[in-house]
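What follows is a group of structures, each given as structure tokens.
After this come two complexes, each holding subunit A, first together with subunit B and then together with subunit C.
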Partner chain A sequence: MSEKNMNVLPEKRHMGLKASRTLANTSIYILLIVISVIWLIPFVCILLQSFRVESTYQVGYVMPQQWGLDNYRNLFQTDFPRWYLNTFITALVTAVLQTVIVLCMSYTLSRFRFKMRKPLMRFMLILGMFPGMLSMIILYRVLSDLGLTQQNAVPGLILVYIASSGMGYYVSKGFFDTIPKSLDEAARVDGATRFQVLKKIILPLSKPIVIYTILTAFMGPWGDYVFARYISFGTSAGMNVAVGLYNWLNKDQIASRYTMFCAGGVLVAVPVAVLFMCLQKYYVEGVTGGAVKG
Partner chain B sequence: MKKLLAMALALVMALSLMGTAFASDLAGTYDITIWAAENAVELTKKQVEDFNASNELGITFNATVEPVSEADAATQMVTDVEAGGDLFCFAQDQFARLVQAGALAKLGVRAAETVTANNAAGVVAAATSGDALFAYPLTADNGYFLYYDKSVIPDEDVDSLEKIIADCEAAQKYFAFEMQTSAWYLASFFFGTGCVSEWTTDDDGAFISVRDTFNSPNGLIAVKGMKKLVDSPYHLSSSSGAEFAQGAAAVVTGTWDYTTVEGILGENMGVADLPSFEVDGKEYHLGSFNGCKLLGVKPQVDAVRAAALHQLAQYLTGEKCQMERFEALAWGPSNIAVQQSEAVQANPGLSALLAQSPYSVPQGQIHGSWWDIAKVIGDDVKAATDEAGLQAALDNYYDKISSLFNLDTSALLFVGAWNGWNNADDTDTFYFKDGSLTLDVPESDYMGGRIVNPGDWGTDKGFAQVTVGADLIKDLGADNPDNNIVFAEAGNYTITLNGEAIEIVKN
Partner chain C sequence: MTNDANETRQGGAGSRILAVVGILLLGCLIYLLVGGIFSGIGVPLWVSGIVAAVFFLPLAAGCVTCWDKLYAVYRSGNEKETLRLSKWEKTIYSLMKIVLGIPTFFKNLGLAIGRAFKSAGLAIAREAKDIVSTFIHGDWKTKVSYLVMGFGCLARGQILRGVLFLLFEAVFIGYMILTGWYWLSMLPSLGLQGPTKEYNYVLDVEVTAYHDNSFKILLYGVLTIFFIIAFIYTWRQNVKQNQIAEKILASGKKLRSGKEDLRSLVDDQFHKTLLALPLTGILIFTVLPIVFMILVAFTNYDGTHNGYTNNLFTWVGLDNFNTMLSWTAGSGGNTQSYAATFGEVLSWTLIWAFFATFTNYFLGMFVAMAINKKGIKFKKGWRTILVLTIAIPQFISLLYVSKMFARNGLINQFLIGMGWIQEALPFWEDPTWARITVILLNIWIGIPYLMLITTGILMNIPADLYESARIDGANAWQQYQKITLPYMLFVTGPYLLTSFTGNMNNFNVIYLLTGGAPTNPAASSAAGTVGYTDLLITWLFKITTGAESQYYLASVVGILVFVVVALISLVVYNVLPSIKNEEDFQ
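Moving on, here comes the complex of A and B:
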């Protein structure tokens, strides 16, 4: 009896495990598919609407009756290219400068020991607790006096975005802290300068965090609405895409601009999507695999 | 050093004043910014060039025309008045806000006379705060009327709300009338039964009093009519002409949707004034708001520049430019001469608006909070199950208005009874401004009146509270249950409220 049972039982359990795993996986996949469909529907709708040429207002169906590129063509008759360029310049310059500042800041706070280090970090922590919106009015005043609003909104916005970027060091400093100091010390013994340590040792080891910093620095200005609207107010030449496109949703314009709005939305999504696709592999790549070996 | 500086400054000031005084010549080139609706940008540019070419004062404007929605102009403007457009178009509901923000320059006496003489009275009232004009009327078409699909609703049915609802239900098509999200449209029912909500502003654009009769027997009739509409399964709370593409057979909206609706319905498009509704066997024609767009001039540091800008503003809102705007954009004119031109009369959208105009109420100055308070009525009415529920919706509205505006001293009014109590045309109604008012009491049998609360018309205070000037009024003693103030003789009086006490002085 015991022999028989012993033969059968493990077999049974094994089958059950496999079946339950398949079942769990299937249900998880179904759930994920449902969620991603729900999540993707608005994007697909916008994409389809942007190709609809039979009418320009909102309609009750998704599939266009006539397909065409008129909406995209018409975009170039408006101020859209200007807005796009404004946004792109702002985002690009901000991405570069902010990344440099954040990485330098993180490296300094992670590796250097100086008297005001702790007080400085605490001070920035407290500063960061205030909502950024609080400073909006005074920042506007300052920029307005410097002549960096309205048609000069782009340099004004870049200034605002990078001015406080030093405070966003937390994530990358935390990451740098996990890289063993012995690496630095080894490099220093071999005669490397502090900057060489950062450039040749730390940065290559922290690609994911560098990419993350670039991405967030790019995305912030790319999608900003509130501050950009405030700075560029009433001046089409200084607007970014979010502000310009949103104006098309006004009551008097939506009927003639809705499909163009969708086309604009699609074009806005393109660089971000490309950026993510190009940089995604760095996310997937192992983080510090084997770094300590050397 | 300081003294020297002060003297220099004084000198500069004196010189600049002299400059102003002697600047009869406006000739020169001015760089200006104009904010106009996106579709009017090109036309505005052309009109400024026409002005440059045609004016005899030697003024040349280098105008940058920025597309800024009229619905959004005040929000943009108050962000930073200094950096805002020199001339800007805006919908009239933002007027009080702009006056308060100091974003509008007062019109000169002559400009005001011209504007008053050439434009429809309701539109002039919309540009007036206190006694002064602050803006130039641009259009008078910000009202709504009925668009319908002729294939669903026969022409003979468009006069009746009930028939339209029935037709829509039979065809399983929607009747779009924005009842739940917009006080602008919802007020239609109240105006239909003769209710009013009138606000008074002073020279600074501040609201000083309100006369509101939504919470009244007529208001109850209005919500009963509204109940019929919102209870229909085929009622849609929307005011977008594009609804016709999504199964609507009737939409209440304005001229801005004309091309959209025409594009969708083509031959089947019909336009008409709003229908009537029936309550307890009586017909009430739906009323409407009749609003306008205005052109404002930003206050300028340089008086010469300001005068030149006013010249341009006058030109842009004059007969010629309004006609051009009608031809190019189908904007309904506020200029009386253009309104009466054949072309305007023949435009279907504007003619429907014109047919609605006997029932429409000029949209005067309305407090910004009113829109949010009043729009709740729509939801409350939909939720109500019986007459008590409908009355509760009105009570709720009234409570909010009165708690917000503290309708005591500043909003009280004196109603004179010398022509009888029936004061519908408002002639014998006097509003307290800063707690006092001056009135002429004519010789009549009953030279009395009472101080009432504008919401419920109940007596607030009167005879019993008079502390100063008791000798000027008749002592009615116990025969005066309504606490009326009855003057002993005709004349000009000033009534001042001093806390709970009333002081009367004969002038």
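Moving on, here comes the complex of A and C:
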């Protein structure tokens, strides 16, 4: 009797477990589907509405009654191509220069032990607590004295982005901290200079973090509104996509520009999103590392 | 033994006072939090008072009844004693530790500041002594170097260093004579003469002549002070170089040549090369503007006093802080005082940061765990869908979603079309609706980040922990509570803090979604338009871009933002570890 029970019980428990697991998994699937739908709706809507021809304002349905590329064609009659080019150039130059600066900074703070290291890091932590926006007031006036605002906003904007990018060293410093120091020391013993250590040993190992830094630096300018708005200061030729498209949703423009905003949004989002998706692996590594290191 | 008991009794009297203070503080905190949320959604103040009391009274009663026991544990400093406490007592104990930690924290802070001043004073004294003794004991080359920088280096054959020192001195003296002196001398007044109308006899018209420029005086004044500090530092280095060189020569060794100096810049001095560019950028584009803007808070720089083309601006002392922190209402009838407006915006900023951080944190963790669960397929696919909100620039998604929820937006029109509602839902028109919608939409933006972060960390939790928990018969909730959550909190504690302060300054989400709307009419006349969803940071932006461009007010707000963020960070950094260690211990 007891032996029989012994045989049955685990079996029964197993069955119960299995059933409850299927139930749990099914509910999780339902939940994930609901979440996915919520997450996708806005993007599907914006894509569909960018093809709508019959009206240019907000309507209560999603599927266009008349499909067409009118909105995309109209974009080229506006300043949109200029904004796009502005943003693209800014993003490209920023990606290169910012990566160099951030890597210099984080590598130094991770690898070298010099007297001012700790005070420097603490100082930058405190600096970071000031709202960066505040400095725009003065930077705008200085840059406008140098002639780097309004229609010449692109170089000015690049300068602003890269100049203080050294403050964002945390994530890559965390990465460099994980590369064993014994590698450096071995090379130093063999007579390599510090520069050679960086070039021949550290950089080849740092591909993930380099890509992460380039990716975030490249994506930053596409979404920046505040600095771009200050520096372009109402001059259409100097705007980036964010500032330009934001203005299209003003009360007096939205009725005629709404679907064009959608089309512009799609044109901006697709290349950036594709790039991001391709390099997603590196982004995840960087973000996770950064959060754990603090 | 008796001694011990005595001490406990003596400590008991003091501790009661502390307990009362602590409980009162806690009560205020709860009232502020509950009142803040409730008044935000339009519930009268007395109701939030009652709700706060419901939360507060049992807590206070609990504190009073078991205070002595808990305080004894606290005083003993033996963390193992906490194991004997009940769950309820443990909660109160950790609260008590935070409250009791605050005075100690401020005491330590004061001590640290005092120590910093003392050590700075000692360092200056040491440097001065060193400078004098180097002068007295040095040879004539060293002595000349005190006036002509780099002379010692040149005379001892270190040409490169000598030339650089000398060049720096020449540039400095030249700059000070040519312009530096003017900026410095004008700094106390920020300019004497504004623009004047002058009659031009040749052209027979009135022309405006521009004179002093307050903006430039302040800017270059600060730069000149930076330059002087740099000069003093370099001069000190110059003296030190002489001292070192004398010592090296006395011991019979050779000095470094210029070539070796250059080589060391890619070797043992490589960090200087690497840091030169980033630090220069930070100095000019971050430190200088911040110093400038802090100073602006003490002037009357605004749209009508722009310092050059209309009126000069000048120092006004602490007037702006007085304005911002005074409770007297403005002149325009029912205009609210600045302090009241600031308080409202600050409390919403804190509430927002709290909800934005923790809703994202827990929901993100939940989604990550759901996707990570064994037996769920298409893990990568689910993640990719969520990650879309990161991949697509925020201004597109946020602006679009903001319009979706507008009065005539997609959602309202759809709901009306389906006949589910008669009138458009006031997503952005009603303060409460707007606040809740913003928090909900922020979840849409924020979950993917948290999902990515937590996925990585969840995978690091040793699987055998769960294994043994399951053998002990722990269910899923218990496993989460005892293993996952403590581990996550321990690892992501610092991240939670940065994300809290980051959310306080989350300009993009608020500005692109609501632009601060709906407008708060009572607060608005105080300083431009202020809305119910405005954070301090968007308010600051509106002040600077508003019609009056009250830059001085924006600086005051900026400084206050800094103070709030710094205080929160300091307190959390110093108080949190005790809780964290405890959790680690459990």
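Operating definition for what follows: the second predicted complex is superposed on the first by the 260 of 294 C-alpha atoms of A that agree within 3 Å, B and C clash if a C-alpha of one lies under 4 Å from a C-alpha of the other, contacts with A are read in each partner's own complex, and residues count from 1 in each chain.
In the analysis below, contacts are C-beta pairs under 8 Å (C-beta built on N, C-alpha and C of every residue); 3 or more make two chains touch, one makes a residue touch a chain.
Treat the numbers as computed from the prediction; the structure is a model and nothing was measured.
In the superposed model, A:F233 makes contact with subunit B only, not with subunit C. Which of subunit B and subunit C touches more residues of subunit A is settled by the count: it is C. Once the two complexes are laid over each other on the shared chain, residue contacts for A:G60 go to subunit B and to subunit C alike. With both structures placed on the common chain, the touch criterion links A:F130 to subunit C but leaves subunit B unconnected.
With both structures placed on the common chain, the touch criterion links A:N250 to subunit B but leaves subunit C unconnected. Note: residues 58-60 of subunit A belong to the subunit B contact set and to the subunit C contact set alike, using the contact criterion stated above.
Those residues of subunit C that touch subunit A in the shared complex are 215, 219, 263, 266-268, 270-271, 274-275, 277-279, 281-282, 284-290, 292-293, 296, 367, 370-371, 373, 375-376, 382, 384-397, 399-401, 403-404, 406, 408-410, 412-414, 416-417, 444, 449, 452-453, 455-457, 491-495, 498, 501, 505, 507-508, 511-512, 537, 540-541, 544, 551, 554-555, 558, 561-562, 565-566, 569. Residue ranges of subunit A in contact with subunit B, taken from their complex: 55, 57-60, 79, 140, 144, 149-150, 230, 233-236, 247, 250-253, 255-256.
Residues 33, 35, 37-39, 66-72, 76-77, 79-80, 82-85, 240-242, 245-247, 256-257, 259-260, 263-264 of subunit B are the ones touching subunit A in the complex.
Of all the residues in subunit A, the ones that touch subunit C in their complex are 21, 24-25, 28-29, 31-32, 35-36, 38-40, 42-43, 45-46, 58-62, 101-102, 104-105, 107-108, 112, 114, 124, 126-127, 129-139, 141-142, 159-160, 162-167, 193-195, 198, 219, 222-223, 225-226, 241-242, 245-246, 249, 254, 258, 261-262, 265, 268-269, 272-273, 276-277, 280, 283-284, 287-288, 291-292, 294.
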